[in-house]
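In the two complexes that follow, chain A is the common piece, with chain B as its partner first and chain C second.
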Partner chain A sequence: MADLTIPERIPINLVVNGERRALEVVPWTTLLDALRDRLELTGTKKGCDHGQCGACTVLIDGRRVNSCLTLAVMKDGAEITTIEGLAKDGTLHPLQQAFIDHDAFQCGYCTPGQICSAAGLLAEGRARGADEIRELMSGNLCRCGAYPNIVAAIEQAMSRS
Partner chain B sequence: MNNFQYSRASDVADAIRLLAADPGAKLIAGGTNLIDLMKENVERPSRLIDISRLPLRDIEETADGGLRIGALVPNSDLAYHPLIEQRYPLLASAILAGASAQLRNMASVGGNLMQRTRCPYFYDTTTPCNKRSPGAGCSAMDGLNRNHAILGTSTSCIATNPSDMSVALAALGALVHIARPSGQRTIALTDFHRLPEDKPHLDTNLGSGEIITAIELPPHGFARNYSYLKIRDRLSYAFALVSVAAALELEGNAIGEARLALGGVAHKPWRSLEAEAALRGQAATPDHFGRAADLLLQGATARSHNGFKIDLARRAIVRTLMQAASATPQSQAHKKIA
Partner chain C sequence: MNAYVGTSTSRVDGRAKVTGAAKYAGEFAADGLLHGFVVEATIARGRIARLDTSEALKVKGVVDVLTHARRPPLADKDEAWKDEVAPEKGSPFRPLYDDRIKFNGQPIALVVAEDWETAKFAATRVRVEYEQEAFATDLESERDKAEKVDQPHKPRGDAAAALTRAAVRHEADYVLPSEHHNPMELFATTAVWDGSGGLTVYDKTQGVQNVQKFLCSVFGKKPDDIRVISPYVGGAFGSGLRPQHQVVLATLAALALKRSVRVVLTRQQMYGLGYRPMTIERVALGAKPDGTLDAIKHEAIAVTSRYEDFSRNDTGWAEQLYKSPNSNFSHKLVDLDVSTPCDMRAPGAATGVCALECAMDELAVALKLDPVELRLRCYSDRDQSEDLPYTSKQLRECYARGAEAFGWSRRNPAPRSMRDGKELVGWGMATGVWEALQMPVAVRIVLTANGHAEVSCAASDIGTGTYTIVAQVAADALGLPIENISVRLADSTLPQAPVEGGSWMAASSAHAVLGAAEEIRRELARLAKAMSGSPLADLDAANATLTDGMIASSEGRGAAVSIADVMRHSKLERIEKEKLNQFAEDKSHARNTHSAVFAEVKIDEELGIIRVTRIVNAVAAGRILNTKTGRSQIMGGVVWGIGMALHEETVMDHRFGRIMNANIAEYHIPVNADVHDIDVIFVDEPDDRINRLGIKGLGEIGIVGVPAAIANAVYHATGKRIRRFPITLDKLLE
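Coming up: the complex of A and B.
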């Protein structure tokens, strides 16, 4: 017989966009829900909630991941970077500026995930051209179809980084 | 997602103890498949045992010149590891053909072996599924079965194993190291996954209370003549209709050693020693590759919508072997098929 008692909330510490945040979560809280609903960082979007669209992409300890498929309790002590944490001292991150320069969105819903994913891609250093950008960004869908401009924006940021 | 208890294992023995103490418990590492299945109410564990912090992240050379890969190495770290890129590029290519960059960053090697089928009826709890509820019936058998298995099927289940990594591991002759309450055991990757038979709820031969601790690659990596070709409905980030891992040892144009495994066509990576034996000593020509394809596909059967896979697989096998023979492996970024 499964234990049906509701677990206690578990205290965790996260460093979110450079700021230490302490919170208590039930085990089934995803990192996405913790960021949006508990820490009120709603820049990270909930799209499919199944790891298929990439709208929830954030960086954990510098690596891009789907926050919808991540349990917050498992990331106790981790450093999280969301779209809100990319600009520094009032200056846009080069990827944010490149997305504006290239009009790399229409509705904008996928954009935070696209930009966080692209930040992960640049850090990985595996993409050298447009084909590789397309392949390594395939985890981020854009239903508006802004892909050509997204690739152009990432090429710009890549050439300047 | 159901409510569940959470435990963090302090070491492998602790994880085994926690598993034994709660029959409804599941291990979690990357969580990319398990959390998805929990959101669909397909998996409803009473407890998640977090093994993600266990020290199973090393990639080490073995005494015989092979490699031992810890079960918690993320898929991306394995694909981009210099020793894998140099000595086992077939494995690197297969891993990079699967999932997305985000998921590869999260998913562990052990979890990749444990991932479950993407049969839509398995995911849809409103439809009967023998894999989800033994004895309930199979909705795919006479349903939309375009993506389903053509080899090793049973009257209970025509689901496929979705892993790309496992197809390359099968071709390379990898071993799976397993810890259990009474010690350890090692089995061949090709014996790790099972055919559905009349027990499709069992994907693998991993016993209850057992944990994958490592994958071992034998010394021979086929780094010169190999290719992994994945055919799917979109160019990236989709499961295989058919995938082929091919590796050859060539002396001139003569085949010394051949390895061949298929993905997307069966409940486990599909390998045929007979097909490989038929290639040994032969010239690397399309005719010989076609004969090996016929042997590998021997016994293939189709349901109403997946008959195309048999022809597709035959052509893909020949193509992949040609790519391997000419040392022009399929690129996973540039989609042109050489």
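Coming up: the complex of A and C.
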């Protein structure tokens, strides 16, 4: 019979939204669960836990990543930006404001992932028009079907950045 | 008066949603919170012969494993398990009730541990042995066992005879697969134990009071023992109408262990909840050479479970749309070893109207008539089933406005006649129809002397925009800026509301707000009159108006007085009024929303790849409370229609009675790249009969007609008629 004991916890440090956070995690804890359950940053969403929906997208060292496919222990020392870290001093990030202006969400559950993914997309500088935005944002599902408004919001933020 | 109603006000909950501050059911913290993980049955029918939890219990961090043999008491009468929207006939499913297995994926145990990963790991250590029984899960092989349920509409004339003598006839089966809602949020419940037997239950639901009453009856609790809260819901689309497994399991575990417990279903486990049932729709149309109908026959055969009869009105929509002296409708069910289906966006209409509108397109081809022209020749100004006029029906205008915006007049009717480079181009259209329902809802308004109002109601906002329209209507009715209105929803202790569904919440909640605001206005008028030396001493309460924080007479007599002054003078800090709004019953008119949908597809003929490049959806749905969120509702419906036409299908392996694509990668929903131009047109439709504000609701109408318009466009592009949905590229290449 297999060993039924849980592996030892490993200490790690994450820099989350500019703040250094020390925690101990078992090796199988995903970055997503560490953020939601351990650091109480529930803005990052779990929609599938399989990298299929994009709701858990965060920025790691500036790149957009599915946090459900990332083990927390792999990111010791990394800089992580979640949806809670985008607004500065109460002023919304241009993407957050654009999402409100264009009604780029309904239920709001995919929204943090969409916005983090869009922030990563802008940083990549690969998208030049609507067709490319659609293609490069297709890893973030929205069941409410707000896609045209999401594209419009990203175009607004792109034109102002 | 209308500073906000009818405008494009941005969502009042927008900031919470874009900053991550909005909390969903599985995100509420509690001291000593435990985590439950569900173990599911892996057979379709039979009984549990042996369930061994000993290994799971040995895992460090596991607190308990609940099973049918180890759990607190559960109600044993079916009535106790029937929630507000349970099917009339049947015995609702009871998680962990006994050893019977009714469907593959049924929850059979709940592993409860100190953290989620431990519970998940330990769940793999629960050993189950079954006694399997013969089962059936395939609608098509069991089609002959279909039994008729109550007819949706009385037959008129003799449709069979009229079909026999019809000059032009079209008859075909259209097959619509089972579909799953797949809201982005996982179904979750956090049941918070208060230390003395009471529970606060944060649940993903479309109706907190429905869940609260259900839990009280299932667990034999008093109303004060359980409070259900659901401030934000990450999509539901019908899947959250009935109380779901996780809320029973979390509550069960919290009561068993006297601790707070969270249960979150996995995406895979959510395929054991309700779904849109697979339906075979047989439509027969008989027409005269001039394009008028003489006969309509529509029969639907749908899946249900063996333990409940779930059926919706698939057939009979033609009674609202197309004149025909002879009609016959029937709905049949096949009992299978699956979980009970449930409502999914525009239940019945999304599927039934899809079949009807594909059939109408085929009839237009047979008659060599333009599809829009055929619909105009058959246009019905009355609901034929009850022979009633409509409170309003601007469908003709939908056809005209939609066709114009789309450029329909430039369509070459011949299939395969239009191209764009190497892609075939197809243009198709269809009609949509849904009901304009309204329900009793109560609202409480607390107006405070600082000019702020809190508006509260138990209704849910599942992303539909209820928070926003409630704020808009209240701001207008109270004459306050919308920033001074705060809205509280989805707490079972708030004033009465039904589940949010059927497109009824906009009209129902808006009129409840008006009713409560009316009480506030009367009270303010009474107080204003009573002020010593009041400039409004002659005020007739019925003529009092509230505008810009002032109360005045609508007749212009006397000066306006600020609401703040009235309250200060009356030594009142707050005025609280609650009112239940009930709509007068009026059976003299039919109440429906309508739409005309136009679709363009482009198809790579060699690869069979289909792109929906343009959709125009012209909707007549009474007054639109918020043009921004309203447009989003219709756009979302259109995206769902694209999914229904081209992508979505729950695929079952009938050898095991198990769903094969129970995840969100192999169950295809539209992604951003699948969606192109969507043009939403709201046709003016004043309606002073349906209700005071002329509201009809938008949640369902956006999807209805869209799959048929796309299917008809695919035919126009390729000359191939695909009657089995979704229209995937393999079917085009066959």
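Following the convention adopted for this analysis, the second predicted complex is superposed on the first by the 155 of 161 C-alpha atoms of A that agree within 3 Å, B and C clash if a C-alpha of one lies under 4 Å from a C-alpha of the other, contacts with A are read in each partner's own complex, and residues count from 1 in each chain.
As a working rule, contacts are C-beta pairs under 8 Å (C-beta built on N, C-alpha and C of every residue); 3 or more make two chains touch, one makes a residue touch a chain.
All figures in this text were calculated on a predicted structure; none of them were measured in a lab.
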Partner contacting more residues of chain A (chain B vs chain C): C
Touched partner set for A:R134, first chain B, second chain C, both or neither: both
Partner chain in contact with A:W28 - chain B first, chain C second, else both or neither: both
Partner chain(s) touched by A:A123 [first = chain B, second = chain C, both, neither]: neither
First, second, both or neither for A:L69, with chain B first and chain C second: first
Contacts on chain A seen with chain B and repeated with chain C across the two complexes: 4, 6, 26, 28, 49-50, 134-135, 137-140
Chain B - residues contacting chain A, complex: 1-6, 22, 24, 28, 31-32, 35-36, 38-39, 46-48, 50, 52, 76, 80, 99-103, 105-106, 235-237, 332-335
Chain C - residues contacting chain A, complex: 10-11, 13-24, 26-27, 29, 55, 58-61, 115-118, 121, 125, 181-186, 232-237, 264, 266-267, 462-465, 628-629, 631-633, 635-640, 663-665, 669-673, 675-678
Residue ranges of chain A touching chain B (in the complex, touch as defined): 2-4, 6-7, 10, 26-28, 30, 49-51, 54, 57, 63-66, 69-71, 73-74, 117, 120-121, 124, 126, 131-132, 134-140
Interface residues, chain A side, partner chain C - complex: 1, 4-6, 26, 28-29, 33, 36-37, 40-50, 52-53, 55, 82-84, 86-87, 92, 96-97, 99-101, 103, 105-112, 115, 133-135, 137-151
